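Labels A, B, C and D are assigned to the chains in the order they are written; within every chain, residues are numbered from 1.
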């Protein structure tokens, strides 16, 4: 483990771009998207179904109790598990969110919202935090105590295991942390961490009863739903937890079914077999938007789409070349072509719409002449570059093709090399010079600590600058929010000018529900609290 | 007595050719009527007319009357009409069921079974019970023929048409078929025999119709025909049948080919245990035996076509490699082999003359052009026209192809020529032609010696020495005259007797 | 018939060799896949420590041949090894996946024989007439359509447009039998191609058999037409069809993979695709054994049928 | 029967002409429009990345047809010698050595083989052709061997050997020619089988660039927009089906004619 103080905010990469996510990973394989394709569909486009009022999400009318909702997710097949600490895929997270709770979770702007923890306050040095728990009970009636919290966090950071949140909880010194009383925990940190609440909301940091080991037979959690049955790779059923601390859910029962093919999910929804279909393709959404059979829900700013340039090697070690590439990209054409219009243009900075995002910086536009000039200055007039891409994530190959044509206008010839789906992320980490890159929703601080510090675990742009690390440390030890925001602003200004990420767009996350489903939150980027949250959902 | 079946002025024309031209036929119960003629003389078409079947797209005039309509049919290859995928019992039960439909349901099964067993016994098939469970391919040729006969008897047919029942069979089998057909006739069933095998016709037929090019050139009672044939073609037929005397040995040359004792195997079963054989220059050794007696295997060992044996073969004293792949060109040219099925031995894509000439080019490295002229000379010497041999094998008849095959091997100027049943399957006239050619060869080429593999003694009569094989063992070997007239070994004796009895007067004596 | 027993014994021995070869080939290929189970599990968080920890937890650092030897040692007494991704025994993966796939395959074969043979016989009986041309051209057309297109077409028309059938089997994974309607479309897609090839084969076989001398003899002796067709001609037409059909078994296994994905039937095809993506080598090998053995058994069965109907024909090993 | 030949030729003619002549008329790609739009100067609309579908159709046929043809030819280039040698040699161990391993390969499901091999190295068009050929070799060799064994057992071959004929004229001249007819029949059916495999492999994203101008890839990648812009899927799908169906019809007609003469 490198000893550089890695003030690592919660390592939370959205599973959305996790190549193991079958729906995405097998982008090439039978990604039968766009609803039921097929020759007979011609007639379909003709019929104009009656379009019902507005999009879902608005709780119109009084919520009604009762009913059973079936939600279709892409799953991990027979190796799925209910162990919340092992959750890796969307389906795992959705199930874990139904059965368990975290101390905190991310709001719409990716800031930490109190959940099981009612409040938290740091000491002066920001390296000791006192967290008070809310009155909450597990499904077996036992109250949630500080001991449970410590047991859960110690289980996650077990050196022998490879639980997902282990890296995020690294800053906490769990041996020194102790339970002050039944419902208060004092966390001792290895270094000042202003964004400690983000750790509590880390992906996969769920609270389980003390001593719990096996979760596939009869898992016990504190979540809004109780366990009924689970068949890995097929279905998981749970029912309403009457005495849930955040109010009992409206639904009587909730069933998660697995359907790895996107077309199967939309077809099941259209055929009335499920009421909620997760992760659809932008074109499917456009095709069914106003057909009136289903309600399309677009979760804005869910995934960052970009090209990563290796700043430690030719030709991108020269910042003029990097700026030239910023100016080559026509972001509108990339979003229209690769995301079929489902998303917003990016400004070469991560975290649009999130807390601390530097939206004051002017939006870059394509400027081929200036790009050519910069390239000539850098002595790279007729540059030849290889762009690594792969069908591992939606939009990658399309964006690569479009960018190649745009680069040609500036005299840069881009050769596209398609890598294997299953080892893409490991391959592009160290090799190549330019590659397609994307990231799920996470706080900006987590993005920086994970990818832009000298000691970051996945530094795809090889951005390693001592002064940049110091700025990050400074931010972590600034108690006052405004001053911290100012430091983040300076860091982002630097990245905007000479960073390695050419962020061209932010893709919407699309899902669809049956017409009678209400209470599905629309303003919830994938991975945040209100995404795939069913305890506020009801059937009209 | 009234005719069981009658054909009046039958004319059949197909594909622009007149196959049958005004044939009349009266078939009487219990009598055997034979239609004799070379292949292509229209006898088969007439026979099938009785069954009401004609060649595809034929224009037919004249009338065919079969009073009770049931006519049995025994084809040349009986195996063809036995369904390969069904047991014999099932085949017979289908026919029996049509016979017992009138009986009440309960008794049908038993009645059918009883009729089947009766038919099988009539067809002289021992242990009928076991036979019912076997598949056609598990029966011998003879057994298959008798099952087909049983089918006809089971049908209750009043007329049975037998098409070339004895061609290509050895004397003993021929004898059994003759007895069989005679037994069928004795049961009052009319038999229409279509054949070009005069021995059988002579032994069986009451009435004979001689046919040529679709017309009946002569018909009448059998005895009258044999003694006083009116039509020249009938006379020629009878003449062709007489056996020519053995060729006088023109002094025995030195030993050309000698085999040390050899045993040959097919896979794991031994098929031949032959002691030493010697062949002298200018001599002709006939190897006689029933089918499956190992005579072909012996021939193939000599020619190098069969490697799986442990004997030694010496050509002029020097050992010959066992497989022809290892033989030098000179050794290949010295020992040549003529196949039984001439048509299958030629490449159907290339003209015959070229294939014949290749022997000279390959074995005697004669330039292409000279080889062609030499081939042409040899071929015309054997009675084939140039126009004929320039065509592809498909346009030549069996006899003509066999002559071309002879030319092909002669071009190698062989010392030893092995002929494997080259006359079986040919009609009498063509067979006589080939035998005369062989006799001529022996006379003109003194250094050539012949090995004749045959099952019929007519061909064997040509040889100077005869070796008799039975079930893989050489039972007797000696000069032709002595074997033919005074055989020692009981098997040879029975072989000689049956052939003699066959040519004797017809069945009424037996 | 000792001949049969020795032939079956020889075929079984050869089957074992075939299965071993399939397993070795699949093992080599899976090992050669870029990345391994650890990289796949680490996903887009490929930080080296995490991968090293996962790799050690999965014992992937042991050399490939050692892992293969261990896995093979367990095979004889039914231990297919444990999955790298979930630690569960591979046999549970196989038993879970076996049910739906077996159900699909059994239904397909059960319908395939009568429909395929029936169409073939029908076309042969009316050779040259409208029925024959119709059957031939339809079978030709459907044979040309790959499953993915045909499946999607059926969903669009019957499930969504007309609403007669459920578009997928989502949610019914655990008990497919309780929802027979969900099986109609997948089985139809699986049937589409083999029915065509079987019908064409049987038609050709029947035409030859009906024109054969033994059929003419049977007709000549007054055996009724139907008896000639089904009693005499059909057995001879079945033999080549059965043998060729056995060769398309591997096609049926591929068909299952595509259909399972389209209709969300969690069978062996889905388990295989996930295992390959997760580089879960033991599971892939377990499935390779299952696929190998099934192919061998089905081939042997088809050859036995062919041997029964055409005893004389020398049946290729 | 005549009309079946004409029908087959017509059905296969259209896609074949488009596949081979298309690229000549394709010209340069027009400006990129938003994906899945209809009209706007695009005769068949735009595809999933906004390229003109008609331009893609013109370019897309060549890879499918060429890969299929190459794979079939490759399969026979290997299967013919192996099958012939297996049938003609009298050394049984050589025959076993040649034929048995191929029979073993028959047991491997072809799609699984393609998926595994394709993910080991991402093959381009050449790789896919090699792959599909590899999958076809065992079956093709088996058929060649069966036909050659029958021809080799005929007396004509022994007669040629008696004449001291060269191995080449015996094996290729006689046995090869007599096997040719069976091969023609098998080649027809095999070509359609290969087309199916190439289309399915491309559909699964194996062996072709994800955005390549290839009919099968177009069917896969444009299915998302089927409701909005069906032509991007329907036209290439119809062309592939026409190619296989027309090919089949043609083969059947030729076979029928050969059997008649």
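Methods note: a contact is a pair of C-beta atoms (placed from the backbone, for glycine too) under 8 Å apart; a residue touches a chain by one contact, two chains touch by 3 or more.
Nothing here was measured: the structure is a model prediction, and the numbers come from that model.
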Any chain in contact with chain A as well as chain B: C, D
Highest C-beta pair count, chain pair: A-C
Most centrally placed chain, judged by C-alpha centres: C
Distance between chain centroids, defined by C-alpha means - chain B, chain C (Å): 51
Approximate Å spacing (C-alpha centroids) for the pair chain C, chain D: 22
Separation of mean Cα positions, chain D and chain B [Å, integer]: 49
Cα-centroid distance, chain A relative to chain C, in whole angstrom: 40
Junction residues of chain D - those touching two or more other chains: 119, 203, 223, 237
Where chain A touches two or more other chains, by residue: 29-30, 32, 35-39, 41, 44, 263, 420-422
Sites on chain C at which at least two other chains make contact: 33-34, 148-149, 152, 258
Pairs of chains satisfying the touch condition: A-C, A-D, B-C, B-D, C-D
Parts of chain D lying in touch with chain B, wherever the complex brings them together: 90, 154-156, 158-165, 173-174, 177
Residues on chain C engaged by chain B in the complex (per definition of touch): 212-218, 220-224, 227, 231-232, 235-236, 239, 309-312
Interface residues, chain D side, partner chain C - complex: 100, 103-113, 115-117, 119-120, 139, 142, 146, 192, 196, 199-200, 203, 219, 223, 237, 240-241, 244-245, 248-249, 252
Parts of chain C lying in touch with chain A, wherever the complex brings them together: 33-35, 39-51, 53-54, 57, 83, 85-86, 88, 92-93, 96-97, 148-149, 152-157, 159-161, 163, 166-168, 170-171, 173-174, 258, 261-264, 266, 270-271, 273-275, 277-280, 283
Footprint of chain D on chain A - complex, ascending: 27-39, 41-42, 44-45, 263, 281-284, 286-288, 291, 333, 336-338, 340-341, 391, 397-398, 401-402, 405, 416, 418-422
